[in-house]
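Structures incoming, each one as structure tokens.
Across the two complexes that follow, chain A remains constant while its partner is chain B and subsequently chain C.
Let's turn to the complex of A and B:
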């Protein structure tokens, strides 16, 4: 596929992602920031986000598996993930973070485990959707 | 008010690998922004937002690095950079180690650097937090996620036409529907232009019912908090 065709199909598919609630208005903001001098901006940021998020979720899982769970640390991880998903418009991931952060206050380990699994699933789902949209995020193949 | 002529142009690159971005040559006409955020993703976004509005950007990942860059780090004054001309500091509030608020205090507590405007970014729009930052001398408070319009407005009222630009922004604030209690009731007469021209002067007392000067000069922050009309506008962008 030509690059232009790929970009077009991604843009068309992005509408689906918006409609289905995977992405929100902030993603449109990112799309506005790509230009001739920086054509791959969206790809770069989104790739960075996936890398960063997976690491965060892995760290979170490790922290949860400890004997004495450090809830403050977990809260910090979720806060970070909420922040970066919000910054790129990954709406489902962000909402999942907001929801399961409550389990932190309750010191509910099972809830946190469950929440992080769901968030991981949403993250993976988003990755897959974007790849399916036409390979606009080539770097995903490295860690899918 | 943008240009702060205190700093030399000499620069050392020993620590450049710790900086996310470091432009080779500085155009004296371009606004140089020091962006501080511990999140890699957010740094990339804010950097791009600033660059696309024609600012030079240096992005660092902590308050400590920011102070080092400015040459304000007490522990390593001999190893630090010579301060480059910084026109604006934009910092995240929640950061491990030194928070954006602590960084703000350090900058405003420095005779050399307190004239540099500092803008705080935060994902949580907590009134007490906003008030605290503004009272400490923050120029503005932006609720994350940061949008292009936030940065454009910031740049235009800080480095644009000055009082004229700000009066226009203030009118916009009054026209925008908003259901938040933060919106200041419009004063019967516009504040003197002196307030806008020299933010480095001692902050005005905040006892008046009108919100601190920063709100009047920063129409974007109250609106961004939760004005439904603004959110709607944003989602209409292609």
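Let's turn to the complex of A and C:
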């Protein structure tokens, strides 16, 4: 009974994350990759994603602070973050990257600073939400 | 298919992102592949030059040091017959066209999914 109740509340919580657009169907795909040989696969990959993303965004901020901004480098950082966020289903972070990559083409430093702050905020939000859910969200087949 | 002694197909993942390498690696392992992964096109070329061989290469397009287009071109010039599949989220048609023309068998959307790999395997085994 207890386990079922827990599952139900996790399911409700996960519904929120999907409904609010924090996560997309790729997250369900990720959950299917957890198996006997890697039961903590989701936690492992999500943790790796947060570590890497924070580093990427820090590097991006440092690059933006330079006198001669290297827009090619920034574009590469955003592209990489877009790729890794889409691979785990972090929809908001991915969409933020798609949106603010345009500022790179325009060589708009202010826009890029704003964009990276928003992306940082989405990343932090997602991290908090997943931690609050105990990092264990049941598979929602309707979203896969 | 070259495969190995266990008759599993082998796949090389070429991507500069750690998270993508981990996710794609796990997906391909679950689908029955023996996998290896490298961070850029140069490392992929070096592996083949050293004599290693893979049935499939899943090649990211945009990577530092050597990108996917150049790496694919080099591998084909070396006579590599592996099924090289481009994997990209890029939506610039000209870049994707150039990537295909470098010698890809197909170009798939990133991230890879079970369905996409299953369709790919179906197509490849038909030829």
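The definition used in the following text is that the second predicted complex is superposed on the first by the 122 of 144 C-alpha atoms of A that agree within 3 Å, B and C clash if a C-alpha of one lies under 4 Å from a C-alpha of the other, contacts with A are read in each partner's own complex, and residues count from 1 in each chain.
Here is the rule we use: a contact is a pair of C-beta atoms (placed from the backbone, for glycine too) under 8 Å apart; a residue touches a chain by one contact, two chains touch by 3 or more.
As the structure is a prediction and not an experimental result, all values here were calculated from the model.
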Fit-or-clash call for chain B and chain C when the two complexes are aligned on chain A: clash
First (chain B), second (chain C), both or neither touched by A:131: neither
Which of chain B and chain C A:87 touches, first, second, both or neither: both
Which superposed partner A:79 touches (first chain B, second chain C, both, neither): both
Chain B versus chain C as contact partner of A:52, first or second or both or neither: both
Chain B versus chain C as contact partner of A:109, first or second or both or neither: neither
Which superposed partner A:28 touches (first chain B, second chain C, both, neither): first
First, second, both or neither for A:43, with chain B first and chain C second: neither
Residues of chain A at both interfaces, chain B in one complex, chain C in the other: 26, 29-30, 32-33, 35, 38, 41, 44-45, 48-49, 52, 76, 79-80, 82-84, 86-88
Chain A residues within the chain B interface of the complex: 24-26, 28-33, 35, 38, 41, 44-45, 48-49, 52, 76, 79-80, 82-84, 86-89
In the complex with chain C, residue positions of chain A that touch it: 26, 29-30, 32-33, 35, 38, 41, 44-45, 48-49, 52, 76, 79-80, 82-84, 86-88
Of all residues in chain B, those that touch chain A in their complex: 39-42, 44-45, 48-49, 52, 94, 96, 123, 144-148, 231, 234-235, 237-238
Contact footprint of chain A on chain C as seen in their complex: 15-20, 22-24, 26-27, 30, 60, 62, 64, 89, 110-111, 113-114
